[in-house]
Structure formats: structure tokens, C-alpha cells
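Next up, some structures in C-alpha cells.
Below, chain A partners chain B and then partners chain C, in two separate complexes.
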Partner chain A sequence: MGNKVIIIGAGPAGLSAAITLAEKNIGVVVIDEYLYEGGRLLGQLYEETPNKWWNGIAESERLLARAKELNVEFSLQTSVSDLEKIDQDWVLHTNKGVFHTKQLLLATGAAESPFPIPGWTLPGVMSVGAAQVMTNVHRVKPGKRGVIIGVNVLSSAIAMELQIADVQVAAITLPAANLLTINSSNPLEVMNSLLYVSHMAPSPLIKIGSKFMKNEILKKLGIRFYPKDGVKMWGIPIMLRKAVIEIVGKDQVEGVVLATVNIDGSIVPGSEKRIDVDFVCIAGGLYPLAELASLAGCPFHYIEQLGGFVPLHNEQMETNLTGLHVAGNITGIEGAKVALAQGKVAALTIASKLGASVTQIDIQQAIENVETTRANAHIQFHPEVLVGRQKMKEIWAQTLSHTLS
Partner chain B sequence: MTERIMSHPILGDLPHKEKVSFTFDDQLYEAYKGESLAAALLAQGIRTLRVHEETGHPRGIYCNIGHCFECRVNINGLDGERACITPVTEGMVVKSGKALPTTVRDWRKHHGK
Partner chain C sequence: MQNKTMMVCRCEEVSFDELVKTASEYNCSARELKLRTRAGMGYCGGRTCRTMVDQIAHIYQPRSNNDISLKYQAPIRPVRFADLGEVKS
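On to the complex of A and B.
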């Protein structure tokens, strides 16, 4: 097993890397904790262009079939709890025993940030990604009628997916303002971030509105006069002037208390109103899931545009630790197509180290493909992701010059 | 009450799958072979998977993909297993998570401290 490359994470980045390596006749083992291969690609479902759907399950099946054809090995339901470097090997400790490898790729993806709101521990409250997986992957409705707390790219995309599956979304609202919801509870901030997803809105009203809103003064006016009952997107009210201040229920979710918020996010006293729902989704956004890189000893940098703390890495997807690579959302929050492209870069970098026929031009082309894919992305999780990528490039160059001097 | 999505406008009809049975707190339930325990229980209206070890408040799934450990249950005698990433197998014995004794606090309560 020591001669095979190990990839942790069977999502888009991991699968794409596994296929690329196997195509170069390099043995690969892909480890994943989940029941199925595909990672969070599985839940994805959206209309890229009219009548052309991005179906994550079909994409996963296609990648998996290719990987299996190339004899990529999979070890599912395998949780990696620790990793360490012993001599030249990365040693992984899992619930299915110890794995050794000289070349390790971390493609662990992302996790969701929660909003702690009174009542959020009641059964029936779940992350928005949980509702997506229940609906699209397991084909079980999270409930009959719910509210989504948190207005962002992910929550609006999943709201539509729930609606397609005949699960009613009563509203998408803001979370109540508290120390942990600072930007997500401020109507103006949220409106700003929404302007970048306006191309996804089928309603011409929002499209025209968002062009109009690029001016700061108009934006303030816009949020001041934003309808209290929200603007409808796909028939779902998006309420930028309401916040959920409490989730109520005895043994499970029975409703939420909504209140009107001022443009600074503060609550209008006396505006509280209860609505009945049987489930609640919390959409606090995504951050890179990078604990294993931390255990390995990678230096981390906080880059807001990439979604949080990211392990130091270069464009070739190398970390500064020998034999340790990263690809996909662990390097910054972006869509599955970017992850697929990054997986290929990481695999070519690893393959070249293992003496396969890979030229620097091949790697360079794969890097350029990441950039093109990013530029053409349907969904941008952070509007300034390019700024974030540039920051990481600069930090890498600085760190490297320190090491050399 | 929740339900299964048998047909979906984009993803199509749910493929026919083999069924298995399992118990949750000594009650018999059915699941599709290989589906997650959390999904099988939710499809049958079970949302509370455990109670908080100290307060006894009900808890269910939160992240549904293995990150948060909110859905921990006892599976075939093993504590702390995550219902969201465990596939149901025939004859699986599942117990919900229970409150644990808080001995110091209980002692204080009973001794007026």
C-alpha cells in the first residue's frame, strides 16, 4: 500500500485527481468517510442554462465509473482521525486501520458555519446542506414547510432545489443579529453580497433592481424601502428586512418568531410575529475543512475571500510539507467545477514527482484550466475569490523567500 | 411528518431498492438497504435521535454529513456512532442516546448545597 498515492476525500477534487493519476498508471486509494463516492457533488442540482441541468448525482456516477474502470481503489466509511509523518511516509490512522503513503492529497472539501439562534438545537433544525442531502441524495423530505435562515448563494440555490422536490420554503430570512452573525444579519451587507448572484435570479425585477443598486445611495434607499414581506425569487419570499429571533417547539420545530429589522440589523420592537413551520435550515456559509492539514503541521492563513483559514499552498497544489498536497475547497470555497480542475493539477504535480511522463507545460495548462473554469463559474461563493487566490500566491512567494534566505 | 420523494421532476423516479428491517429503541422499522440510518428514521417521522447527555433536551440531525456529531446513537452496542453516515443493515439494533448521571450536581441537589 505504501507505493500508492492516497487521496482523502471522494468529492469532485479527489475523484478528478484519482482519475488523472490512474490514467498515468499510478496506483491510487481514495479514502472517504461517507457512504457513497461523490462528496457534496452528490447533492448539487441547478439549471446552468435554460433546460441544461447540472445534476451532481449523474456527474458523480460518471466520474466514479471512470475511476473504477481505471482500477482506482476506494475505502468508504473510513474516518481519518490522525496523520503523522514517520520517516518518508505519511501515516494515516483510521477506523479501518493504518494506511501509509509517500504522496498524500487532502481533498476534504468544506463544512458549514452555523448561526446559533435560540431554539437551534431542536430536532427539525438542520444546516441547509443537510436538507439538500436529505432531499436530493436520500430522497427524504426534511419536512413539509420550512424557513431558511441566512441569505446567500448556497441558501438560494438549495431553496430552489427544495421547491423542485415539492418541499415548501415559506421564506429565506436573515438571522437575528448577535456576535456570531455580524455580517449575515445586516440587511445592507447581505444586499451587497446578493448583487453578485443576481444573474441567478429568474425574476427580471431582481435583475433590473440589482443593476440599479450598484450605486451606494440607491442601495441604502433600496434597503430602506425593501418590502417588509420580501421580494419573491422562484416564488420564495427573500426577506432582507426580517430576521428569525427564535425557533420554537416543544420536542421538535413547530415554528419561528420573525421580527422586522432596521437597516443596521437591529430589531423593531413589537414587530415579532410567529409563523408555523416544521423544519428550519441554517445557512451560515461554507469554510474550508482543513483539520487534517492542521494535524500535519501546515501553516495556515486567514483569507476572507477564500472562506476562512486555508493551509499554505502554491498553484501546483503543493503544501510546504514534502509529499502533502491539497485540492478543492480545502484551498478556498468555490464550485465543483473548479475543484475538478484543481484535482487534475494536484494529480499532475504528484505524477511528475513519481516519474510519470508529465511536463511542466502539462501542469501549466492544467493551472490555466483552473483559472478559465473560475472565470466561467456559474456560482461564485465570494465575489472576490481572485483577490483571495492572489493573496495566497503572494504569501507562498514570501514564505519561500524566507526559507531560502 | 416527512415523506419520501418517490418521483422527482429532474432526478426521476426513485429506483426500486431492497428493504431491510432494524430496530430503534426496540421498535421495528424498515429501511432501504444501504441508505443512511438518519434518512431511514426521518422518512418514518423519527427526528429525535438522542437527548442531551446533561439536560435531557431532544436532539436530531444537524449537518447530515458526519461533521457535527449531533446524530450520535448506539448501534449494535457501540456508543457515539453517527446515524447520518451509517448505512442501515438487516437486523441492526439502534438505541437513542440517553441522559447521563451528573453525580456531583445530583449530590449537591440532594444535599441542599
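On to the complex of A and C.
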């Protein structure tokens, strides 16, 4: 086993890396703690451009079939709980025993960050990703009628998915302002962040909005006159001037209290109104899931545009630790297509170290492919992701010059 | 319902108010905030509240960008005692 490359994470990054390695006749074991291969792809289903759908399940089936054809080994329901370097080997501790490898790729993806709302610990409150997994992967409805708190790319995509599954979404709305919802509770800030996703939103609001709202004064006017009951997108009201101030219920979610908010996010007194729902989703955003890189001893940097703390790495997807590589959302929050492209880069880098026929030009082309994929991405989680990527490049260059001098 | 009962760390039952009060009183690091309140030290290993505890601390103390403020400790997933050291007879 020690001669095989190990990949932790069977999402798009891990699967594409596995396929690329296996195509070079390199043995690969992919470890994932979930029941199925595919990672977050399994939940994804949305219309990219009219009549062109991104179906994550079909995508992961395609990748998996190719990987199996190439004899990639999978170890599912296998959680890596610790990792250490012993001599030349990376040693992984899992619930299915100990694994050894010289070349390790971490493709562990992203996790959701919640924000608290009074009443958010009631049964029936879940992260928006949990609702997505229940609905699209397990085919269990999270409830009959719900509210999504947090207006962003992810929540609007998942709202549509819920609707396709015949689950009613009463509204997508803001959270009440508190210290942990500063940006996501301010109507103007949220409006700003939505302007960057205009190309993906089939919503007339956002499309029209993005044209004239680059202007600050018009933007303020726009949010001031934004309809209090929201603007409908796929029939779901997106409420930028209402916030959930409390989730109510005795033993489980029975409803939420909505209030009108001023453009600075403060509550208009007396505007509180209760609506009945039986589930609530919190959409607080994503951050790179980098626990294992941290245990391994990678240096980290906080880069807001990439979603939080990311392990130091270069464009070839190497960390500064021998034999340790990263790909996908662990390096920064982006869509599935970017993760696929990054997986290929990581695999080529590893393959070249193992003496396979890989040229620097091959690697360079794969890196360029990541960049074009990013430029054409339909889903963008942070409008300035490029700035974030650039920062990491600079930090890497600085660190390198330190170690050389 | 007020923020007083708005939980941030469910495992150790640490409320939003307690975290904000402690962070503003001590202007401390995320790690110190964790140690003072026990937020993030329960059985889930901080998997739910980590980002919130971190964020509250950094409202009162500016972030140093070069290190994970709340360290990860192994095991990062729940582990059965048997997997740690079962003696097979």
C-alpha cells in the first residue's frame, strides 16, 4: 500500500486527481468518510444558462465510472482522524485502520459556517447545505415549508433545488443584525455582494439591478425602494428589507418572526410579523476544511477572499511539506469546475515526482486551465477570489525566498 | 428570546452574550476566549461553533493573519475507544 498515492476526499478535486494519476499508471487509493463518492457534487443541481443544467450526481457518476475503469481503489465510510509524518511516510489514522503513503493529496473540500439567531437550536433548524443533502442526496424533504436565512449565491441555488423537489420556500431573507451577522444582515452590503453574481441569476431583479447599480447613489435608492415583500426569483420572494429576528416553536420549529429593516440593518419597531414554517435553513457561507493540513503542520494564512484560513501552497498544488499536496476547496472556496481543474494539476505534480512522463509544459497547461475555468465560472463565492489567489502566490514567493536565503 | 439564551457552543452551553462579554472584557485571543468560556471544548470538538468563537474574539482583538487562531487537535473525528487501543485476546 505504501507505494500508492492516497487522496483524502472523493469530491470533484479528489476524483479528477485520481483519474489523472491512474491514467499515468500510478496506483491510487481514495479515502472518503461519506457513504458515496462525489463529495459536494452530489447535492448540486441548477440551471447554468437557459436549458443547460449542472447535474452534480450525473457528473460524479461519470467521474466514478472512469475512475473504476482505471482501477482506482476507494475506501468509503473511512474518516481520517489524525495524520503524522513518520520517516518518509505520511501515516493516516482512520476508523478502518492505518494507511501509509509517500505522496498524499488533501482534497477535503469546504464546511459551512453558521450564525446564531435566537431560537436557532430548535429541532428543524439546519444549515442550508444540510437541506440540500437531505433533499438531493437522500431524497428526504426537510419539511413542507421553510425559510432560508442568509441571501447569497449558495442559498439562492439551494432554494431553487428545494422548489424543484416540491418543498416550499416561503422566503429567502436576512438574519437579524448581531455581531456575528454584521455583513450578512446589512441590506446594502448584501445587495452589493449580489451584484457580482448577476450572470448566474435568472432573476430579473439582479440582472436589471447590476446594470445601474454600480452607481452608489442609485444603489442606495434601489435598496431604499426595494419592495418590502421582496422580489420574486423562481417564485420565491428574496427579501432584502426583512430579517428573521427569532425562530419560534415549542419542541420544534413552528415559525419565524420577520421584521422590516432599515437600509443600515436596524429593525423598524412594530413591524414584526410571524409566519408559519416547519423548517429553517441558515446560510452563513463556506470556509476551507483544512483540519488535516493543520495537523500535518502546514503554515496557514487568513485570506478573506478565499473563505478563511488556507494552508500555504503554490500553483502546482504543493504545500511546503514534502509529499503533501492540496486541491479543491481546501485551497479556497470556488465552484466544482475549478476543483476538478485543480485536482488535475495536483495529480500531474505528483506524477512527475514519481517519474511518470509529465512535462513542465503539461503542468503549466493544467494551471492555465484552472485560470480559464475560474474566469468562466458560473458560480463565484467571493467576487474577489482572484485577489485572494494572487495573495497566496505572493506569500508563497516570499516564504520561498526566506527559506532559500 | 434574548441573546442571553442564544447558544453559540451547544456542547458546553456557552451563550452569545457570555462570549461577547468575555471577549470585550479581556480583549483576548480566540484561544483565550475558548479557554475562559469552554466554548469549542465539548464533545463535537468545536465543529459547529469554531468560526463563531473565532469571529467574536476578532471583533475585540485584530487578527494576525498568519496562523490558525483555534488550533486543531487530533482526533479531528470522533473515535471509538476500541480503535484507539483495544486489546484483542
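One rule holds in what follows: the second predicted complex is superposed on the first by the 402 of 405 C-alpha atoms of A that agree within 3 Å, B and C clash if a C-alpha of one lies under 4 Å from a C-alpha of the other, contacts with A are read in each partner's own complex, and residues count from 1 in each chain.
Please note the rule applied: contacts are C-beta pairs under 8 Å (C-beta built on N, C-alpha and C of every residue); 3 or more make two chains touch, one makes a residue touch a chain.
In this text the structure is predicted, and so the values were computed from the model without any measurement.
*Asks:* Let me test your reading of the model: by the given contact rule, A:251 touches which partner, first (chain B), second (chain C), both or neither?
*Replies:* The answer is first: A:251 touches chain B but not chain C.
*Asks:* In the overlay, answer first, second, both or neither for which of chain B and chain C A:301 touches.
*Replies:* second
*Asks:* When the two structures are overlaid on chain A, which partner does A:138 contact: first (chain B), second (chain C), both, or neither?
*Replies:* first
*Asks:* Look at A:377 in the shared chain and tell me whether it touches chain B only, chain C only, both, or neither; answer first, second, both or neither.
*Replies:* neither
*Asks:* If you stack the two complexes on chain A, which partner ends up touching A:33: first (chain B), second (chain C), both, or neither?
*Replies:* Both: A:33 reaches chain B and chain C.
*Asks:* Which of the two partners, first being chain B and second being chain C, lies in contact with A:77: first, second, both, or neither?
*Replies:* The first partner, chain B, only.
*Asks:* With both complexes overlaid on chain A, does A:275 touch chain B (first), chain C (second), both or neither?
*Replies:* Once the two structures are laid over each other on A, A:275 reaches no partner at all.
*Asks:* Scan A:121 for contacts with chain B and chain C and give back first, second, both or neither.
*Replies:* Both partners.
*Asks:* Is there a shared patch on chain A that both chain B and chain C touch, and which residues make it up?
*Replies:* 33, 79, 111, 114, 121
*Asks:* Considering only the defined contacts, which chain A positions touch chain C in the complex?
*Replies:* 33, 79-83, 93, 95, 111, 113-121, 178-180, 246, 284, 287, 290-292, 294-295, 299-303, 308-309
*Asks:* Can you tell me which positions in chain A touch chain B when the two form their complex?
*Replies:* 33-35, 40, 45, 53, 55, 57, 77, 79, 111-112, 114, 121-127, 129-131, 133-136, 138-144, 164-166, 251-252, 289
*Asks:* What residues on chain B touch chain A, complex-wise?
*Replies:* That would be residues 1-6, 8-11, 14, 34-36, 39, 42-43, 47-49, 52, 57-68, 84-87 of chain B.
*Asks:* Show me the residue ranges of chain C that touch chain A in the complex, using the header's touch definition.
*Replies:* 1-3, 5-8, 10, 16, 20, 47-48, 51-52, 55-56, 59, 63, 65-68, 71-72, 74-80, 83
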